[in-house]
Amino acid sequence: MEHTYRLVIACPDKVGIVARVSNFISEYKGWLTEASYHSERDSGFFFMRNEILANSLTIGLREFQSAFAKIAEEYQMEWFVADSTVRKKVVILASHASHCLADILYRWHSEELHCDIAAVIANHDNLRGMVEWHNIPFHHVPVEPGKKQGHFTRVEALLDQYQAETVVLARYMQILPPHLCERYAGNMINIHHSFLPSFVGANPYYQAYDRGVKLIGATCHYVTQNLDQGPIIEQDVERVNHRHNKEDLVRLGRDVEKIVLARGLRYHLEDRVVIHGNKTVIFD
Amino acid sequence: MEHTYRLVIACPDKVGIVARVSNFISEYKGWLTEASYHSERDSGFFFMRNEILANSLTIGLREFQSAFAKIAEEYQMEWFVADSTVRKKVVILASHASHCLADILYRWHSEELHCDIAAVIANHDNLRGMVEWHNIPFHHVPVEPGKKQGHFTRVEALLDQYQAETVVLARYMQILPPHLCERYAGNMINIHHSFLPSFVGANPYYQAYDRGVKLIGATCHYVTQNLDQGPIIEQDVERVNHRHNKEDLVRLGRDVEKIVLARGLRYHLEDRVVIHGNKTVIFD
Amino acid sequence: MEHTYRLVIACPDKVGIVARVSNFISEYKGWLTEASYHSERDSGFFFMRNEILANSLTIGLREFQSAFAKIAEEYQMEWFVADSTVRKKVVILASHASHCLADILYRWHSEELHCDIAAVIANHDNLRGMVEWHNIPFHHVPVEPGKKQGHFTRVEALLDQYQAETVVLARYMQILPPHLCERYAGNMINIHHSFLPSFVGANPYYQAYDRGVKLIGATCHYVTQNLDQGPIIEQDVERVNHRHNKEDLVRLGRDVEKIVLARGLRYHLEDRVVIHGNKTVIFD
Amino acid sequence: MEHTYRLVIACPDKVGIVARVSNFISEYKGWLTEASYHSERDSGFFFMRNEILANSLTIGLREFQSAFAKIAEEYQMEWFVADSTVRKKVVILASHASHCLADILYRWHSEELHCDIAAVIANHDNLRGMVEWHNIPFHHVPVEPGKKQGHFTRVEALLDQYQAETVVLARYMQILPPHLCERYAGNMINIHHSFLPSFVGANPYYQAYDRGVKLIGATCHYVTQNLDQGPIIEQDVERVNHRHNKEDLVRLGRDVEKIVLARGLRYHLEDRVVIHGNKTVIFD
């Protein structure tokens, strides 16, 4: 993996932004390995992602950041620049279903997902062996009847302890309290096991079965306070037919969920997602 | 196209149905070109479609029907047998959008869809030339403000006049009165321009755009009194991204709509659909 | 459709290209509606497409071109700038199969494909009615046994007469002489009815059937002297299974062919394709 | 998982086969949970798969087999009946790439694939930890330069020792000697990392990159003596574009390979595949 800086920008659209930013990069001899732009006509907003070879630049990251801040102010940019070699600290929340967790662990272990998995927290204990085999701390934080609040307090303490930057809900199945959604806004990723906005809420495959749909899907989205309503990162579907019963839908759905969550998480980890309102720009 | 009889059956499941039916066919020397069976465990229902070479049988269609009626009664079957050479009379209802209509006309003209298109009825006049070039009667039945009932009365009279057996709503965009839905239950096919149950109602592509989905879709379904709730025949999707504006979604959607409607209509015309409750079994 | 200029560039990669080009555009107040960049590490080549609102520029197209020529020379660019309102002159070559031709004519007629269809030339006469209904000249140029050369001479004369800029082989099924491929290099588009490089040559669906593949496909590519070897613009596939016979593959294939050719042609007409060696960059 | 018997049949087509077989099943009160039929017109062959609830039958498996043998002889059937609770003994051959192996192990561990994984044999040692964590014996059988024969002798001895019924080549990357292909004909499954017949042989992703294809694929097939030419069980593709370099194709391809191999292996383990000549009928 190359050492690059990722400069990600959103701002009101205006003539000359690309020129201004690319001049800046060029001035410091920055070699672009990727450059992506998007101008959204409806909202009058402009989005940009530049990936620059770190060792082509005549200045370091901090100098780059402070120099760029002036341009950013001038154009009212929301922006950041990320170092590709600085791995995000990820904490995964799970329940008892293993497929999404196993898939993420495999991709992390095989160096396909570049991040640090700091810990896995689950409200069941059955996935401990799989997690610990990867030398990742596993915390069993049960959800006791009538004591949900205690569960969330403990989860938040662990997120603090591990300094979680990105939180992945890998079929966690609990509705987080609003202040946690707020706190990790734009950094907490969920996989919903339906093609949203179809079948929000519980048991989407059973809902899909009862409706007789011919495709089932999965949706990877950022978590917001409104359940299943957050910005969508990625979706995909799988064809089904009358021969598939509810259990078949669940089985087929697992593969879609895994793939969709892996893609969505990868976009996030590589700083390819810009959230704008309730939508995302994905510079894939 | 071969001359076949299509024997389509739905009944409560029971040991020996396949044996009973296939004995019957075999007794009259029927050669099966296709045979499809489905046993739905949840509902305890059994579905079957046999396609039999007409000239292999030692009896004719009527004799076949009256002989089979006894078995049908014994097993409480809902059933019919259709002659592949008897083309269904189809009337298409349209508005001003041409893509679905043009696609059906093309497939009919090139002998891909086996049916008689008896007439096209539209509440705009712009598609007249295209329809008449195919030597199909075109009726412009406008929808006048405050006089919707008059429109539907005229439409129904035309359906009667042309003895419509199958009605296709090719982006017709009007909500039909309940008694018409009822009258053509199981024989009236709509194309909805979203992946149902997402985005029911008006302007689904705009809804999809606002929700920021990553796939758009279309749904071909039988019309029932509950808008967009009827049994689904076929669905498909197309990938979209942030670069696509509302007009792009509409454009990309047109191709999905055409394909999905054509597939659904073909299943219906070839007697491949069995409706059971609010779901379909498709023997494709 | 907006009035834009499309500036398309390919050149050896180098620090500062984006800055140089975007400065140029910005200097003349050009408002970017789209901007796409690609840096190909293997070949060290850089590709760029900028779409600029015509009426935002302080200069006209000619002035723009001559001013830009200096930058182009400096960076050894292959480049052009196209006016979105200047429609390319397209001549379609066909045989007797109607599906691709009908699809292109429909998309042109419904203003989805922005071009002028100057004429259709076919070696059968059966598509005349469909073409002439669109008020497009139709030329029947038969291929007589042992007189292929005469056919091609006549075809070339017609291409000259209509000043063809883009030539579309809509299931034309004839192998063009090398000098014609050469003459229209990068401007002659073919649809091959297989997922290339599988099943080059004749009867690809029959080859696919005999091989027992589970997906069939179609490939839209630029024509070169080496049959079925030119740069690929677009491909897609459709799932098939053992129940599909050869005729079914042909039928299913028609839909893939139409869609793939329409997409490829649209990319070409909108100047979204850059050919580099035997590959394409598609700025979709 | 239900206890069923799977009766799988291939024979020359003839009037009355379905009747004869379903009578037989019905006579012994067999309850069909699935029944699939296929009549191939070209070859005049008939294929059938019946899945029968074991405890609905009035006779046991052996009695069933000997009773059915008479019918089978009469109709010149190739046939077998398999007990769903008898798990096939699977030996996996691997090299150093982990993705397909990890995926199969996960699906086996989570009870999605019903089989016994008797052992994993690999010519590298790096996957030992992953395999042994699943309590499956791992054998490192290196391929030493100039001593390939020794490797294969050892592999065959291990297949004997574990009484392998099904052999899975999970990116094994070695060309097996003909007698081994012969010995496990119809029971040895390979995953080829291209959409066959495109890109046979080595480094298919690099070949695909050089050809500039717009979709990459994977093919699961039975191994025969002719490399990459055996009967295809399953295929799928993934869309790629000019932004993907060779490494991206490899990464994207891994997901397709895993899914395609898992589907193909599942069909095989559930006795859903009938091989006929160089093609397969898949009763999915």
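A, B, C and D are the chain letters, set down in written order, and residue numbers restart from 1 in every chain.
Just so we're on the same page, contacts are C-beta pairs under 8 Å (C-beta built on N, C-alpha and C of every residue); 3 or more make two chains touch, one makes a residue touch a chain.
Predicted, not measured: the structure shown is a model, and the values here were computed from it.
Asker: Per the definition at the top, count C-beta pairs in contact and tell me whether C-D or B-D has more.
Answerer: Counting C-beta pairs in contact for C-D and B-D gives the edge to C-D.
Asker: Using C-alpha centres only, name the chain that sits farthest from chain B.
Answerer: Farthest chain from chain B, going by C-alpha centroids: A.
Asker: Taking each chain's centre as its mean C-alpha position, how far apart are chain B and chain D in Å?
Answerer: Computed from C-alpha means, the inter-chain centre distance equals 37 Å.
Asker: For chain C and chain D, let me know how many angstrom lie between their CA-based centres, rounded off.
Answerer: Roughly 41 Å separates the two chain centres.
Asker: Residues touching two or more other chains, restricted to chain B: which are they?
Answerer: 34, 41, 243, in rising order.
Asker: Across the complex, what residues on chain A touch chain C?
Answerer: Residue positions touching the partner: 15-16, 18-20, 22-23, 25-27, 29-37, 39, 41, 56, 239.
Asker: Okay, in this complex, where on chain A does chain D touch?
Answerer: Going through chain A, the ones touching chain D are 34, 98-99, 102, 106, 110, 112, 133, 243, 251, 254-255, 259, 262, 284.
Asker: Given the complex with chain C, which residues does chain D contribute to the contact?
Answerer: Touching chain C from chain D are residues 38, 40-42, 47, 195-199, 211-215, 217, 231-237, 241-243, 245-246, 278-282.
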